[in-house]
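Next come two complexes built around chain A: one with chain B, the other with chain C.
And now, the complex of A and B:
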């Protein structure tokens, strides 16, 4: 346990030194609040952009607050995934590439400790960034559109968080397998998008899939209730996360430094 | 005592180390400095990495009666290509690795300044490691290896990448350290091995081919060598002298001869030279170097 805390502290210091604690929250905030603000000013933007014949009447139905938040989360599950993958990709592989992993592994530290502390560090910074970004988005949405209750905001946030855990774990697992960042980003992004696409096509068969969590989020925001497969969805997602972490530690152990 | 019993390591179809049997003495009063010699690819790094636990032996065991639990608690390791976190200062880095080794925070603070002092980095402890020179990084590498007062210090090519000044500094440091702890280090620079080690272990193609103290190896392999230069031609008669072991012809007028290690052979050689009317301009008596011994052993 002590080792986990020591490596975790070191990771946090690295995030601070590399300004990750600044850019990651800012990017997530920008992506987030762009949604309510552009939705709100869309008529004016179209007006100012011109190119519309004289006398055109622009009639855009004002979206509800829930719709705006949902759009933000769907941004988070496209560009957001890329950001998460980029943030987590080098966590393991960079240490392997530079060889700095040896200075940790010649100490009495297990691969479990090594991996899990880095995993917690990534989870901390990514969920904090998303929390800040999504929180500010919720604030602006309530300001500019109809209210979304705090309960719905928190619940959608928590469910999305489970999906984020899944993405971090997948990326760090590929980070344990591959050394090249390109390979890590490519395979993580491919796997996650493929899962989302398959989920879209075979919705009935994919109730267990982590990408189905995004449908849960939609349901809680729009209809104020969960889909009836929530329990299955959460359990299978959490089990998959545990499994992926286990596989990562196992691969790390098999590799020779 | 750390017993390495029948260690071997196979990478795919390639055998890096095989049948490695050796005992390292860790007793307080019998500290030794062991040099692991061998050409590139002899399996030195693999052997040292198995000692540190970074790689697992394919077969064989490492056991010790003085170390319980995780062997890594008792081992300090300097890798061949050390790499640290460039964004950390030396102080922070030593604190990080010291804590991982289970040192208490307060002890660690005094220990860091102690260690930085002994490796000569006291004034730059607050500087980022990224700004360090190669020699400074190597010394920091030694600092991190000794921070937890290990029983065994494992150094992989500690001086190979350094300039003469850096090499001198590190060698002096090792000379100091070998009084406190048992050191095993690999090198392909024979001169360094000669300078600080008590025991030499020569490896080739993954196997130990010779071990012993420097003295015993010298006794075994070092032979008197005589270099002769003359103004006239030295004929082939010299090859047939009974007390001569080996003749290496440098040119028509000069030869290097290895002779039997007996006091009278030198006199007999001189007599023979005069009898054959050789006008000697140089007659140099020396001993074969460690390098020649190394070649002999490896071949």
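And now, the complex of A and C:
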């Protein structure tokens, strides 16, 4: 336990040094609050940007607060995934490339301790960033559009968080397989996007997949109810996360460092 | 409907923080990957994305 805490603290220090604690929350907040604000000012933006003929009437239905929040989350699962992957890509591979993993492993530190503490560090900073960004978006949405209840907000946030855990685990797993950051970003982004696309096509067969969590979030926000596959979805996603962590530790052990 | 600056202000403030912290980090850094003045231009001229690109790729690892 003590080993985990030490590496975790070292990782946090590294985040502070590389200003990650500044830019990651700000970027997630910007992506988040852009959504309600641009939706709110859409008529003015169209007015200013498009050279419409005189007298054109554009009627845009005002979206509900839930719709705006859902749009933000779908932004988070496109640009957001890329940011998460970029944030988590170097955590293992940089240590391998600089050779500092060897000097860590000389000490009585198991690969499990090493990996888990890095994983927790990534989870902490990414979930904090998304929490701040999503929270401020919720505030703006309630200000500018119809109210979304606190319960729906928290539930959608927690379920999205499971999806984020999955993304972090996949990225760090590729991080323990490959050395090059480009390969890590490419393969994790490709895998996660492919899973989301397959999930969109074979919706009936893919009820267990972590990408399906986005549908659960949608149902909570828009219809205010759980899909009946929620329990299956959560269990399978958590099991997959544990499996991926196990595989990553195993590959890390097998590798010649 | 006039633009309400109270709503827009937070975005501008956040972007300012991003640029300032990127500049601070750039000047503190002894060596960046690639020439410093290019990073300076990127941070100042490309809004929002510029500082992020600097934070991700600009710092030398190790």
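Following the convention adopted for this analysis, the second predicted complex is superposed on the first by the 256 of 257 C-alpha atoms of A that agree within 3 Å, B and C clash if a C-alpha of one lies under 4 Å from a C-alpha of the other, contacts with A are read in each partner's own complex, and residues count from 1 in each chain.
Basically, a residue touches a chain if its C-beta (ideal position, glycine included) is under 8 Å from a C-beta of that chain, and two chains touch if they have at least 3 such contacts.
What you see is a predicted model, and the numbers here were worked out from it, not measured in a lab.
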| item | value |
| --- | --- |
| Fit or clash between chain C and chain B when superposed on chain A | fit |
| Partner chain(s) touched by A:98 [first = chain B, second = chain C, both, neither] | both |
| Touched partner set for A:40, first chain B, second chain C, both or neither | second |
| Partner chain in contact with A:18 - chain B first, chain C second, else both or neither | both |
| Touching partner for A:131 - first (chain B), second (chain C), both, neither | neither |
| Touched partner set for A:6, first chain B, second chain C, both or neither | first |
| A:29 touches, of chain B and chain C: first, second, both or neither? | second |
| Touching partner for A:106 - first (chain B), second (chain C), both, neither | first |
| Overlay on shared chain A, then closest C-alpha pair between chain B and chain C (Å) | 5 |
| Chain B and chain C footprints on chain A, overlapping residues | 18, 98 |
| Residues on chain C engaged by chain A in the complex (per definition of touch) | 1, 3, 7-8, 10-11, 14-15, 17-18, 21-22, 25, 48, 51-52, 55-56, 59, 61-62 |
| In the complex with chain B, residue positions of chain A that touch it | 2-3, 6-7, 10, 13-14, 17-18, 98-100, 102-109, 256-257 |
| Complex contact set, residues of chain A against chain C | 18-20, 22-23, 26-27, 29-30, 33-34, 37, 40-41, 43-44, 86, 90, 94, 97-98, 136, 140, 143-144 |
| Footprint of chain A on chain B - complex, ascending | 11, 49, 52-56, 70, 72-73, 75, 77, 79, 81-85, 87-88, 92-93, 96-97, 99-102, 144 |
